[in-house]
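Per-chain numbering from 1; labels A, B, C, D, E and F assigned in written order.
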């Protein structure tokens, strides 16, 4: 089984980290490839960034379809282009916010999301509502760390840890969800330090995508998610 | 006051009709210009079409900003790129689904949306929920008419009329909302024939955008909708 | 076009201020008249006041109908008698709470309402829910200033300003809604001082009522809002 | 214990029937008096009727307070003036829609409301939502019988019975709620014929009001429902 | 009329107190008997305790059916086995959480629940949602007092009083609901000290069960709550 | 990894079928054992059956804990004892309704549940709401086939197929969820015949439980789901 993990931003170092985290949970039967578009935002921290990353994501999916990919993961916590990608792909497409939140719902009363910038908090709530998890999501907390500084800021871990502790107390939650693909490599250490389950969406999405394939399932093509007509003017996809 | 009405698809004849409908309600104090991107989908009937139209919409907004536009209307019932456009524009941005549904909420117990293809029904419900109007929206009904055939199919009016009548009865609604910018020119005739208010989103959005400017209001820049950082790679906007 | 702005309480000085704020946004094509019932509560700060103001509001609407009024605004943030007035009037009737909250929904992630007495907070939440805006309404905050003291208390502006700042921080909101018609004249100054959009319901309702008329729309008479039968005993209306 | 049952309309024959139904369940420890205002609508079938009945209801409550009444029932399925009456009365005030719906919630999966005119259906849904019972209320069905004809139309019983049977099937409900005080005397016969619980709000409200008094409880005066200030101009109450 | 009050835990001293509180409100026409299973948890403070108490509760109901009981109260705030008991009993079955919350909804804007251990808070929210009272329930607050120490801890009253005061302020509520049957005997004193209505579920459930019988109502047997088939293996009930 | 699949009813032939379906998707790294309690209901078709099966389920979990089991599946669509089992087990516990519905949410706009007896429909809706999937669940449809006849009724497959087709049309859904563990072996054939994804909860729960273990996650023990105190009287568990 081939799983394509798409980092919607153009930062290759982040793609590499995401790929490692994905491969660590993929298991022997699944091959994971991590890619990112060559054009688009270097990080996704606004509705604008989110929207502008989508054509790149869809081009990667279209390329994956030509290439025999079995399942896709969209590795940005805004889940950019998720519904459109489901129309393009024959196999399942899983967003990391969706997978992280749904996985967290199996693990306790409710979760707190710890994320990057304050301006992304509203979008996270929109996703929680869209996925039916607004009652399970007990709080969304910004650390103030920009996405690209997660890799470089030496205080990033301590800040995320502190924000997680504060969130658990303020929200009365019992699970932490990491609100950015760039936090994937902090997950195990945080779980050790916090003593509660910490869910990284990249890992959760990879095992979910694999599971859906193993179950013989894929996105329904009955109506809404049937393949879209090709009628682009001036926008060759992929 | 200058209002830019953006048709997110690339069909110029539809842009012309939308522009006429917009100007008919704009009033003496407002100048309306109707545009469409030169590249993108010829019509928007899927999540894929919706997503692929957004960069073109945002480029038109960016151009409008350089050009002194006061307010924007996004003239597709999927409201593509609405939140991202609010980050880019200084003045208000109004989507036609949002404006049509909110206007309809002043007029009765609840409305029925009459739209084009069945596959767009789910997205309309997502919008109704996002705008807090899921209880006011009593039904969404597809006519099966593709967007581009609204202009050419001689039976289009009769089909929309029949679907509206059936919707009012099935839903127990008392207002009809037209679920496509391409239906704007059918509005007055439908209202006469149906005997209930019929809301066209293009007209509703134009007067709403104008009103917000007249009230001295604009999108808040406090946090989520502040201008996004410029950090695109390989995607010059506009 | 003639718009009748009805102050549901009997305080004529407040009616005068409301009339000025209404005329300031009405535009050249609309004539605004502001009235109040001669009997009823001097201010509306309880469910009892609200209920007792309604016959006076409905009498003003009935008089307006005989007099050729095109649209009505009910200028009390409790929206007293709104649904009943829609049955009586041929043209649209807009409440200031409804218009303020719906307008605010175009401008940001969510709004805070700043209002007068603590005992009115529950009713404001009831309205937010009825209008489908309970997720957009992020908080309702009482200043403790009685309605009639808004005009006379020299500290009123500072109190409202302080409450607004506190509300924006506590709620994580990005828009302020003024929760009393008696605050209409504070709006522009507050917006300057706060740096976020501040919505006054009187102004918002006037432009909304005008817009609905311009769109050729009115309350549906299909069922619930058809004219009521005349069957009053001992209560001649108007 | 003295319970005052207020029929908000002016039809004395209906008040008499309501009084009989109320006394039939009041038990030995409670005295029931049934009254109606001398002015107001002869029946309540619109928002206008509802609003115009409220001053009369509140005058009866104010008179009851001077007279030592312990608890009040508002015997119209629209629950007109309920929240205002709670401010005026020291003891509990119970609306028949509220009591009927809450009682029905103890008895099965969900209930169907069978009511009079189609135009009242929306208001019933508003009440169900306000009371938190929108999921328990599985349908609201109009019989088309005007309130005052319930007493005189010889086919009324058969019509209500037929509508109830149809509602149980259409809604998948297992309880029927009678949506008008004028149906109170049909309750026992309907229950026999339908084989499911049938809840009359008059009876349900009387036993609920009595129970609240027996429990030593009354409306909270902490904030919202404290006694309102007296500040009416030209509207002496009671 | 015979009402059986079932304490789902095995602590006989608590059963005795519950029985006294129940008899104090039952009135002359109703006989109250209080029982508890001989096996099961000594107190109910977890989902495990709740689940393990249910067979004992159902055995008591089955015995009550053989013995001519008219109505049942399940006297634990988790309402264990409520829906199953409704299948077994011919007469009504009322849970104390359900009755307390529904009764509180008649008395004010919203209530705060004051309960025992923090780990039960989530379950109380689940019940509030199931009963449609999630908007009326403004907070659930743990005192940290284990159930069995309510009887023995001399500081219990002061702790509950303090927690109630804090809850009223933090939640902006105007009614207190006692979240444990073991607090029943604190109710009147708390109400005196707090100056707001305090609802004990045991008393509320007893008068509710009695009222339902007096109204001639019982659980519907149309579908979901019809008597279950007898098909137990190795588990003779009662 | 060892996964224990618990059939909550006592029908061994059904346990065998469930075990086969579970093993078919478990993959090489996981060992699946299927068990059922020796006492309890032979099938689960009522709240009573559900409640009476729980002690047996919890005894199997307790035995599994002593025996080194890594994860548990509760293989009845009512998810009996799920929250209590999470307190008892150190590893994850997954219910088949929960897993089926969450998995279906990845695959389309919304799903229809096709189940056994009409009386179980309400409970399925309760679960959909508890899991936040009431908007994704577009309908629950009973076939009228008792659980134990799924194995023996030669018309069972045709009935389930017909009910599924009707549900897809009536609900406008695009995914089918099988509402009984006893339907697990029909899944692949149904998917072929229907042309939409068909989700069997047994398979979905097994891969979900395995995935949670692979991710290094387990139920949080921070508060609500910490191990319960041992305080049973007369009910030795396991």
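Criterion: a residue touches a chain if its C-beta (ideal position, glycine included) is under 8 Å from a C-beta of that chain, and two chains touch if they have at least 3 such contacts.
Because the structure is predicted, anything quoted here is derived from the model rather than measured.
S.K.: I'd like to know which pair from E-F, A-F or A-B copies the B-C interface, where a copy means over half of the contact pairs are the same by residue number.
M.R.: It is A-F that repeats the B-C interface.
S.K.: What is the chain whose Cα centroid lies farthest from the Cα centroid of chain A?
M.R.: That would be chain D.
S.K.: As a test of understanding: of all chains, whose mean C-alpha position lies farthest from that of chain B?
M.R.: Result for max centroid distance from chain B is chain E.
S.K.: Determine the centre-to-centre distance between chain C and chain D, using the mean Cα coordinates as centres, and give it in whole Å.
M.R.: Those two chain centres are 30 Å apart.
S.K.: So, what's the distance in Å between the C-alpha centres of chain E and chain C?
M.R.: Roughly 44 Å separates the two chain centres.
S.K.: Provide the C-alpha centroid distance between chain A and chain D, rounded to the nearest whole angstrom.
M.R.: Going by mean C-alpha positions, chain A sits 52 Å from chain D.
S.K.: So which stretches of chain D touch two or more other chains?
M.R.: Where chain D meets two or more other chains at a single residue, that happens at 109, 121-122, 129, 135, 172, 223-225.
S.K.: In the complex of these two chains, what residues of chain C are touching chain D?
M.R.: 10, 38-43, 45-52, 54-55, 58, 81, 83-84, 86-88, 118-123, 126, 129-130, 223-226, 228-229, 231-235, 237
S.K.: Please name which positions on chain F make contact with chain A in the complex.
M.R.: Going by the criterion above, the answer is residues 25, 27-29, 92, 94, 98, 102-103, 105-109, 131-136, 168, 172, 174-175, 188, 191, 195-197, 199, 203-204, 207-208, 210-212, 214-220, 222-225.
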